[in-house]
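Right, one structure below, let's go through it.
Each chain gets a letter, A, B, C and D, in the order it is written, and its residues are counted from 1.
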Amino acid sequence: PEFLERFQRRIDAEEKIEPNDAMPEGYRRTLVRQIGQHAHSEIVGMLPEGNWITRAPSLRRKAALLAKVQDEGGHGLYLYAAAETLGVSREQMTEELLSGKAKYSSIFNYPTLTWADIGVIGWLVDGAAIMNQIPLCRCSFGPYARAMIRVCKEESFHQRQGYEIVMTLAQGTPAQKAMAQDALNRWWWPSIMMFGPHDADSEHSDQSMAWKIKRFTNDELRQKFIDATVPQAEYLDLTLPDPDLKWNEDKGGYDHGPIDWDEFWRVVKGHGPMAKDRIKDRKAAWDKGAWVREAALAHAEKRCARKIAAE
Amino acid sequence: MAVWQAILELADDHLVLGHRISEWCGHAPMLEEDLALPNMALDLIGSARVLYDHAGKLEGAGRSEDDLAYLRGEREYRNCLLVERPNEDFAHTMLRSLYFAAFMRPYWLKTLEISSDETLRGVAGKAEKEMAYHIRHAGEWVIRLGDGTEQSADRMREAVASLHIYVDELFESSDVAAEAETAGVLPVRGDLRAAFDATIAQIFAEALLEVPQVPYPQTGGRAGLHGEGLGHLLAEMQSVHRAHPGATW
Amino acid sequence: MAVWQAILELADDHLVLGHRISEWCGHAPMLEEDLALPNMALDLIGSARVLYDHAGKLEGAGRSEDDLAYLRGEREYRNCLLVERPNEDFAHTMLRSLYFAAFMRPYWLKTLEISSDETLRGVAGKAEKEMAYHIRHAGEWVIRLGDGTEQSADRMREAVASLHIYVDELFESSDVAAEAETAGVLPVRGDLRAAFDATIAQIFAEALLEVPQVPYPQTGGRAGLHGEGLGHLLAEMQSVHRAHPGATW
Amino acid sequence: PEFLERFQRRIDAEEKIEPNDAMPEGYRRTLVRQIGQHAHSEIVGMLPEGNWITRAPSLRRKAALLAKVQDEGGHGLYLYAAAETLGVSREQMTEELLSGKAKYSSIFNYPTLTWADIGVIGWLVDGAAIMNQIPLCRCSFGPYARAMIRVCKEESFHQRQGYEIVMTLAQGTPAQKAMAQDALNRWWWPSIMMFGPHDADSEHSDQSMAWKIKRFTNDELRQKFIDATVPQAEYLDLTLPDPDLKWNEDKGGYDHGPIDWDEFWRVVKGHGPMAKDRIKDRKAAWDKGAWVREAALAHAEKRCARKIAAE
């Protein structure tokens, strides 16, 4: 209890907690879960966008998309590294992902159906992710905060790129504009849901706020996101698929229609349209690569043995 | 006159190999390779873009890089057969990249030295360094797998048996390439064999692999005589672009 | 009015499943299946052709069977999700066909009985018998694999776990289907559940398989909300046709 | 020797030899080799055409191609059955194919590069096959002769269908016509080579002629084929890629230019462009199907055991 108080005082003083510092078990556990989920999301997130690399309609877009998906892998890599500072190995986290024990962002269990999805994902999904992640750059746990600074910089580049793809489509042929509107219709609500349940129904929030792992509530972040996105959609002359969306002068923000929480929980619980396919896909890649990882290990050992023998 | 077509051969090589490597995206054997493979693909596609753009300008018919990449069919593609070979497994993929880079690195170095074409020298200056990295990265994997487990050594030998028959074609100059070589725009492909052989010999020695004899090399890519995989690759690659004629992306 | 769209849903089901099965061609586990699989694909594609032709005529916009098959994108396809699922292995392929045929056989029988549309009754008369054969052929394989080796039983159970979540969608009537049903042109999908369940129960009993509970069935195909596989299937299928706009084949 | 004479008399009297009849070992061996090769050719021949089923440009063509490839599988099946009457199992023949020990027609080691190849293969390759096979309908070995009657009927349907595809292309857009001409350029010489070496260089011919396994020489059949094909090409306004091709009034047939025998032997010896891919493809299918075949066997045994137990 005394320790907990001291710890909380450090947090309140905005001191960064570093891996070798003493920390409450709950703090550690929360971070391992959150960073792990975040890392897994980056890894699984490579799949829906990766689905369009081989069909990107221009070489410029193909290169940009490849680079983006690569960045996501990079985010995964440094998030795993941040989690590893808390004593959990990448191997262990990978196994938890593949066994279905660990979660990842539900948004990636929706399919990418047209090229426009690539634009809209960049614009909305990366946009929502940034809203969530900017406060994490000031997270009390040092390695996570530092990883997030780098992640956010790249994400905001992706977001601009996505918006630009959508703009090109919105200003393109009628078929292209329809494709953009269709993608927006499909991704809007899932993006809104990325901020999680309403504050009243959110489980982990209070303690995470106190520990400064979290700094804004789900609803606060969702509001920011909507307020930022509505004028962007208007600029593109695209319609957000929510007839209840309207400016509320009093609160200085937009009101939105009711969220379909049944759909939210269905997908969170692992019944999203692509849920099985994503894990099957990752598992197939992992299993198929086993012989390569084994060979790399065997070779490193041989080399090491030779070096010792030569000394 | 035929110089633009010689550059098109180069561009096709780079795009097709870049595309093949990009097929791995999100499915590599380890996360580090999920970063390294797109890197290699990006290098290749980056070079392809400049080369297509340049070829289109030299042709003078107003064709853009995307026109050249997306609106030619399998018989019009002029890439060598090596680069279109399917990914198969990681051993094949790494060996394919090693062969290509071991050829392209001296090719670009020579381009820097002899070419009268400023754009090509520009590509060469950048790509030469990239190809050095590809040799290093793919070469290290060839060594690791060749001198790894029994299974990996088997797969590596199988990759050599599958792919070495496509090596000789790298050094063949098509008619259009020969024109560009005579004009001092591009290096003579056949002259680069010694450099290639030295790179491969060194890596294969460490990888415990033998360089096979190839009595009947496979060729034909420069005449548009491809394998059956390229058509499927292009069908997929060009599908969105062709479904929306004239659109801007 | 919306009847042609309801027929289009049926046509898409048949074409997509026929196409998927045709992907096996030359790669079946035994020569007998290299004959049986194309048979099944041909039955399905044959029905698809008549259905597309009929839908095009009812639409009255002059679209031919090929216009409907080759010039609509993934969002315009209206097939149910089951039929687009990838082949995976022989267990998945056979189970997918069993599910589809166990639904379509009573569907066609009912069409024969109630439909006011002569063309549809014509399709139904032929297809009903074909579907009976598909149930028998695929069903026998489900039994053989389910009650075969340990490995085959595992794969069969895995196929059930993968595919059963797509079964409920078969019995859902989209708005356009409901219109066609009300008009007495096509049978009410939901009415066919008992017949389907009886067929599956009998075969699963022999195959030592359990019919799983599905709390969250996957749907969306009738609204064009497909999985990621269909786009690739169509990209390939439509590639030649789209590369030559307006040509006759 | 007396036996051999009696056997030859039966052959000369155009009697059919049946599986249970006594026959010289050489006769049996020759037939096993030839029927096996023929069966393998049908099986491997499914691959180059199968390559275009998923891309056939109209539904009508897609169905026809599927049916054609299926017929080839059917031919394989009854040819294997004919070979089995001579005491060699299908399993054994399959192993010989996959190990590279048994040969198949070299023509299938060329790739199908465009849709026009499907037409030209039907027209030329099936056309050449029919020329070779019609005399086999009178082959001295009964099961082979009977199988060939059925095969020839179907092949001639395929040949007409192929010609019709080429005709549609030749009368289509300029791109389609160019596609047809290109395919013809690539397939003409390999088709001509399907008849084998010139008579002077042909190994197995004389004995096979005496045994009435063969009834015409390679060059005779090649000449028939060329004479039949030239007017068909002219009718389509397509050019056969042989500048030396011209009518010879004296012999009442066409003269043709020199055949590239280096190319012929290269491909026969297994170095054709698709040689490795074809065998790899067949082997992958065979290996991937092993568990299915095992399960079918296991199930049949279980069923049998249950039946016995119930009796």
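Keep in mind that, in the parts below, a contact is a pair of C-beta atoms (placed from the backbone, for glycine too) under 8 Å apart; a residue touches a chain by one contact, two chains touch by 3 or more.
Bear in mind the structure is a predicted one, so any value in this text is a computation, not a measurement.
Participant: Calculate how many whole Å lie between the centre of chain A and the centre of chain B, each centre taken as the average of the chain's C-alpha atoms.
Facilitator: 34
Participant: Hey, how far is the Cα centre of chain B from the one of chain C, in Å?
Facilitator: Roughly 41 Å separates the two chain centres.
Participant: Using the touch definition from the top, which residues of chain B touch two or more other chains?
Facilitator: Residue numbers touching two or more other chains: 73, 235-236, 239-240.
Participant: Using the touch rule from the top of the page, what residues of chain A touch 2 or more other chains?
Facilitator: 55
Participant: Mapping chain-to-chain touches, which pattern fits: line, ring, star, complete or other?
Facilitator: Per interface graph, the chains form some other shape.
Participant: Taking all chains into account, which pairs touch?
Facilitator: Taking the chains two at a time, the touching pairs are A-B, A-C, B-C, B-D, C-D.
Participant: Considering the complex alone, what residue numbers of chain B touch chain D?
Facilitator: 73-75, 162, 165, 215-216, 218, 220, 224-228, 231, 235
Participant: What does chain B use to touch chain A in their complex?
Facilitator: Interface residues on the chain B side: 15, 19, 22-23, 25-32, 34-35, 38-39, 41-42, 45-46, 48-49, 52, 65-66, 69-70, 89-90, 143-145, 147-149, 151-152, 155, 236-237, 239-241, 244, 246-249.
Participant: Under the stated contact criterion, what part of chain B meets chain C in this complex?
Facilitator: The contact residues of chain B facing chain C are 73, 232, 234-236, 238-240, 242-243, 245.
Participant: For a test of understanding, state which residues of chain A touch chain B in their complex under the given definition.
Facilitator: 43, 46-47, 50, 53-63, 66-67, 69-70, 73-74, 76-77, 80, 90, 115, 168, 172-173, 175-176, 281, 284-285, 288-296, 298-300, 302
Participant: Give every residue of chain A touching chain C within the complex, in rising order.
Facilitator: Residues 48, 51, 55, 111-114, 182, 186, 266, 271, 273-274, 276-277 of chain A touch chain C in their complex.
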